[in-house]
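Labels run A, B, C, D, E and F following the written order; every chain starts at residue 1.
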Amino acid sequence: MDLASHPAVRRLITAALEEDVGHGDVTTRAALAPDLRATASVVAQAPCVVAGVSLAPLVYGELDPDLVVECLVSEGAAVCTGQAVVRVAGSAAAILAGERVILNLLQHLSGIATLTRRFVDAVAGSGAAIVDTRKTTPGLRLLEKHAVRAGGGVNHRLRLDDGVLIKNTHVALGGGTAAAVRRVRAAAPAGMSIQVECRSASEVEEALAAGADALLLDNQSVEEARALVRLVAGRAVVEISGGVTLANVAAYAATGAERISIGALTHSAPAVPLHLQIEPLA
Amino acid sequence: MDLASHPAVRRLITAALEEDVGHGDVTTRAALAPDLRATASVVAQAPCVVAGVSLAPLVYGELDPDLVVECLVSEGAAVCTGQAVVRVAGSAAAILAGERVILNLLQHLSGIATLTRRFVDAVAGSGAAIVDTRKTTPGLRLLEKHAVRAGGGVNHRLRLDDGVLIKNTHVALGGGTAAAVRRVRAAAPAGMSIQVECRSASEVEEALAAGADALLLDNQSVEEARALVRLVAGRAVVEISGGVTLANVAAYAATGAERISIGALTHSAPAVPLHLQIEPLA
Amino acid sequence: MDLASHPAVRRLITAALEEDVGHGDVTTRAALAPDLRATASVVAQAPCVVAGVSLAPLVYGELDPDLVVECLVSEGAAVCTGQAVVRVAGSAAAILAGERVILNLLQHLSGIATLTRRFVDAVAGSGAAIVDTRKTTPGLRLLEKHAVRAGGGVNHRLRLDDGVLIKNTHVALGGGTAAAVRRVRAAAPAGMSIQVECRSASEVEEALAAGADALLLDNQSVEEARALVRLVAGRAVVEISGGVTLANVAAYAATGAERISIGALTHSAPAVPLHLQIEPLA
Amino acid sequence: MDLASHPAVRRLITAALEEDVGHGDVTTRAALAPDLRATASVVAQAPCVVAGVSLAPLVYGELDPDLVVECLVSEGAAVCTGQAVVRVAGSAAAILAGERVILNLLQHLSGIATLTRRFVDAVAGSGAAIVDTRKTTPGLRLLEKHAVRAGGGVNHRLRLDDGVLIKNTHVALGGGTAAAVRRVRAAAPAGMSIQVECRSASEVEEALAAGADALLLDNQSVEEARALVRLVAGRAVVEISGGVTLANVAAYAATGAERISIGALTHSAPAVPLHLQIEPLA
Amino acid sequence: MDLASHPAVRRLITAALEEDVGHGDVTTRAALAPDLRATASVVAQAPCVVAGVSLAPLVYGELDPDLVVECLVSEGAAVCTGQAVVRVAGSAAAILAGERVILNLLQHLSGIATLTRRFVDAVAGSGAAIVDTRKTTPGLRLLEKHAVRAGGGVNHRLRLDDGVLIKNTHVALGGGTAAAVRRVRAAAPAGMSIQVECRSASEVEEALAAGADALLLDNQSVEEARALVRLVAGRAVVEISGGVTLANVAAYAATGAERISIGALTHSAPAVPLHLQIEPLA
Amino acid sequence: MDLASHPAVRRLITAALEEDVGHGDVTTRAALAPDLRATASVVAQAPCVVAGVSLAPLVYGELDPDLVVECLVSEGAAVCTGQAVVRVAGSAAAILAGERVILNLLQHLSGIATLTRRFVDAVAGSGAAIVDTRKTTPGLRLLEKHAVRAGGGVNHRLRLDDGVLIKNTHVALGGGTAAAVRRVRAAAPAGMSIQVECRSASEVEEALAAGADALLLDNQSVEEARALVRLVAGRAVVEISGGVTLANVAAYAATGAERISIGALTHSAPAVPLHLQIEPLA
């Protein structure tokens, strides 16, 4: 099932169109001849990594099945200023009715892909993966996780049901690391790996002793992280999170950790500037 | 109808919980005693303006109607680092199941409110209103427009059906400003004001002659904007948009324009840091 | 987005088909050969103004994408007895399964368009617009407002969020006209015009003094209305409502009021008679 | 499951509130103090039969669960001018937000109940039942059928799946009455009675010979209907439809037919006038 | 409206795909070339009666509108081991994404059709109909009732609103059989037949005296049933239920009862084995 | 989030009530006094393991929030014939309206739990886990997976997005085991374990060499399975599937495989018999 066929994506597009269009585009309905035909392009106004472009046929198809839509680049393509990424032709009124929704979607998702790519490039050669988190915009997780992949990142667990992450909270409320890991091992779905959050050497040792498959080193300095990775010595997969920026991500990657997870990929990526260029069809 | 009673908001909360929880929180179900009770607070980790706090009872009520939820501050309150904004008590498992959704919501909406407040403060005393746009995250417009109001901003039109904005595109495709305004005046719902996008003195004069109620000066320098506002001389409401930043917004406000609209309020506000502090109930 | 592409319209059509068809048309399934093909027309049984005809492809497409549907007249067309407005060809069973829904829709919406047209014709030459209200059938507002436009009427505000109407109730509960207008002016979205309900000369003066953009003269006799319009003297747009009938609407229009709003357009228009003529395809 | 618990009714109420309220009631939000409390009544402005009153708690509960709602009369009660049918107390803003939806619902459904009651009264003593049809407003069938019952009418089949009605169309397309009845008898769900539309004595005889349980005499004059009822002589239940008005319904009832069905009950009943009286709570 | 056009069926298919696919098929996305094309068949692994095959185009169309789907047998066809019932060609990834949903649907519905056919065959020549009940899987009634028809069975009432069945419970709580029948006769929709559950000769006589159209003999031995059928002597339609198995159904049918209803048709039919054979397209 | 708070579960319950109740329970509405109050119990008619009992408050709450519902046993409890599992008190009409939905749900889910428990008991002491599959009833996966857990089973992956299972199909279409594992390892979400289907010693060795975390031995005899488990020798988790019955499951468990997965748990478990005993409240 590709992105545009996914029921949750279709519901989101429908909701987005409905919240933007309401009873209809008063301006366009009045100002344009109803049978005016046009061609238009979504054009990048700054260099960026594109995500969401494959949704364009879905958005325009909802508005008017007779629009002809062409995706000019693939998901994850790096484009330059002035480059067109989608072309659409047909009813001018329908093209304008969808302008804002298509731009809002692509600006948001491409913003995430672009930021992800910058982090991925910053750790190139280190072997570390750039990983997202569950810190996504409510209702858009599927799309934002897709944008991270388009940017070259790797998805962390998608939901609370497809991965185990024992946080300090669980340890504190659940009677210690060993007990928590043991209980989870017995009750989790077959074959699910168990990750434990650690903030010190003793917590790392306790988690490893309890049989953790992966560790999450949260809010450690680069030096602390390096020491803990050395301590783990391959006994579990190591992920670093907290306080990671474009300025320090390479240093974190150089610690030897396999994964670096960054909430800002999805919660604070600024939109990339895109606009619609439209002209009448002779 | 307050925010938490709105059907669209309830649908969004339900979707957000469902996409985060899936079949259930594997970790918490296994690691915690099922009858463990706790109390928790959502705490600001940086100074910010809070929005979305009134949604907390809705989120927690969906998860477990027996949770007791208290909003500690009002929508739009400025809080300092370490200040708690929501308190919740009851099943520890239910509190943890909702942790990410409540934080994602509040971090996103408070990010918008905080950025809006910074712009509002920057133009204080000028008489200019800080106004949002339709450049919102797909599916979240109602909430994001609310967050702008919480930050002290003013809403622009909500949808394509509740306001007329004749853009250059409409003028180009529709046969000139005068024709477009005349057609819209005849066809738009009774009493709706008409705004026309202008990029030069001649366009301003043409729009005023055509009877525009408001003008949108898009992508003008401060000097150009000042000249055009002087030209309008109160004959229409003037709104400035495009290229407005915290660094230059005061200068734009000093031109005398009534409104300054900023897409970044909703499409590029970074999340504000919030976290959940939880402890067991004796 | 044309009417038939609107998500809310599609949901309504789906609900209407589902509530009418249930598990399936027992009679047709049993009585007709399953591969029988037919052609059918929706035919007016009285002169009327047609609305909703553009929904026919949507209704039939939901039932059977292979049906070929043709709209024979435009929205708002005046048709005579015996005139066909929609033609459909394909599976006889599918045509019959949709018969009642398509007729119910067109009879209802054409009833509204027809009544609207009678009011519009009655005030022809006066310059007054015939305007609808929020007194619509629950769930059908978008379609009924469309039918009013098809009949030549003008839409009043669509919802509580796209227009301000300060009624006597607000004045009574809110501390007087001036205070209410002032508060609304400060808090309403940018550029929204403010209408105030008035029932006397003093209320008119108070509303004008408070800066109302438009007045609603509710439940006034023709004479009273005429006097109040004269009093306003162009200082605000004037709308008349309450007690308007086909018999007196011309007199109200002659008062010089710009708008006459009539709840009965949408809440009491009788259905116009339409029926389906079907015959087998050789 | 009472009316207000029915999922389809709850969906309709939600849609009706959403289409009326949009982002919120701009006027009330600005004009009234947010904590103002009030009490209000829905009051009849003409004598009518009430239907839909049991929905009031649902509508108000959606808006604000703290509103206290009291239904003052039962479904189907005949009320006089000035009589209150619903009382509500609580947040003034919430009461006003729901005003239009509650009035639209009750005016529409009470209109149907009132018209039904007039027909029922007109045939009192004849033994004939007043029956509705599938000619209902799209999306409102369940509520409109309820309103008919509240008015004293009897429901005809609810959908195409819960009753068999072999119309002239089926006979024409399906190879004659006898063949159609035989096929339907074999294929319909167990125990479903079969009704056949007849327009002449020969059609009546053919339907009876084929084993019809009930006949529908469509578009017959009173005289024709009387002759056909006599011909049937109790061999099947007889229903009359087409051209029935308040003026002639008693004559049709006197023919001895068991049922008289009237599409206008649901497609053309004018709304009854109701309004909301609200006053602040001390 | 055929099965695949029914809104409720489309909703179920969408939900089934969504619950199975989640964010996407991780394995296929990684393991297969994205442009790999294949052809596949759904093949019976045991002799069975097929139901649900007409849903295949709907399932695959949701996943990828470019898949070409062919139904190789009709609903209700008896197929042998190794026989293909559906063929599909196109994107290998899309075919695999739908594999489990299409198999789960067809295995479940064909299981019901196959069991129904065995009961139907067991009573062949007796004149008794095999009838289903309301004991269906929640959410799947429409499809399961369809599968019963595909197997040669007859549907009992579909819902609580399209048939009257007065059970012992109603008699006990409602003041006796005669009172219950009388009240139902007055209040039920026009033309609905009334069935009464009976467990003894005296109950049968009471029900007949009250005017029941049909009787339900529940949990009677073959001998008891035979005696009661003889007692009824054609005065009402007789249905037998409770304790009916493939071993005794012929004996029950030989009692002369018109209908034998069996809950196990829908609540306990084992799935029939089907699998998907796929190979790459050259 | 407990089961009854899950949005997908609430949607299913709503759909189940709606498909069963339709416009309302004609029989009960007519036969019972509207204010009759009763108490009722859901009672097991055979020994079984109960699942779904925690949904009873949800079902009854949808019908009538005033019903008082008590769950008498926990999820997964083994009950004996005649034991009550749910008690409900309140409106007799509401209790009867929900009877079929509550019984259908509990009979189906308890059937799954009961069959699962029999398999679990059959392998007691072997250390092997009884695991479910994706062979669930469309739309009911969440509930059926819950029922498996209630029976003592362990869930396999929930969806295609939360686990990797490389089947023969993927190997055949994807260019061999090693290539498939390598590609999946690179592309799958962080930390997801990889399972490979194997049917021979050579396939096992190839999968292990490629780095599989788990193996699925499909359709092997007990002897073959034993040999393959010995070959694996702890280098990966081993799961057996295909042809497992209550008669041979212990033998399969004795091979030393960690998991035995059985599709019949969810696709062919017969319903367990439950009924409702109701009596009037004095």
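Here is the rule we use: contacts are C-beta pairs under 8 Å (C-beta built on N, C-alpha and C of every residue); 3 or more make two chains touch, one makes a residue touch a chain.
Fair warning: this is a prediction, and the values are worked out from it, not measured in the lab.
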item	value
Contact distance in steps, from chain C to chain F	2
Joint neighbours of chain F and chain E, given as chain labels	A, D
Minimum number of chain-to-chain touching steps separating chain B from chain D	1
Chain whose average C-alpha position is farthest from chain B's own	E
Mean-CA-position distance for chain F and chain B (Å)	44
Whole-Å gap between the CA centroids of chain B and chain E	51
Geometric centre distance via CA averages, chain B-chain A, whole Å	22
Sequence positions of chain E contacting 2 or more other chains	8, 15, 21-25, 97, 142, 158-159, 161-163, 189, 192
Chain contact graph, described as a line, ring, star, complete graph or other shape	other
In contact (per the touch rule at the top): chain pairs	A-B, A-C, A-E, A-F, B-C, B-D, B-F, C-D, C-E, D-E, D-F, E-F
Of chain B, residues touching chain F in the complex	14-15, 17-18, 21-25, 62-65, 94, 97
Of all residues in chain A, those that touch chain B in their complex	8, 11-13, 15-16, 19-33, 36, 38, 92, 96-97, 100-101, 103-105, 107-108, 111, 134-142, 158-167, 169-171, 173-174, 180, 183-184, 186-189, 192, 263-264, 267-268, 270-271, 278-280
Chain D residues within the chain F interface of the complex	1-2, 5-8, 142, 145, 158, 162
Of chain C, residues touching chain B in the complex	129, 131, 154-159, 161-163, 189-193, 195, 213-214, 237, 239, 259
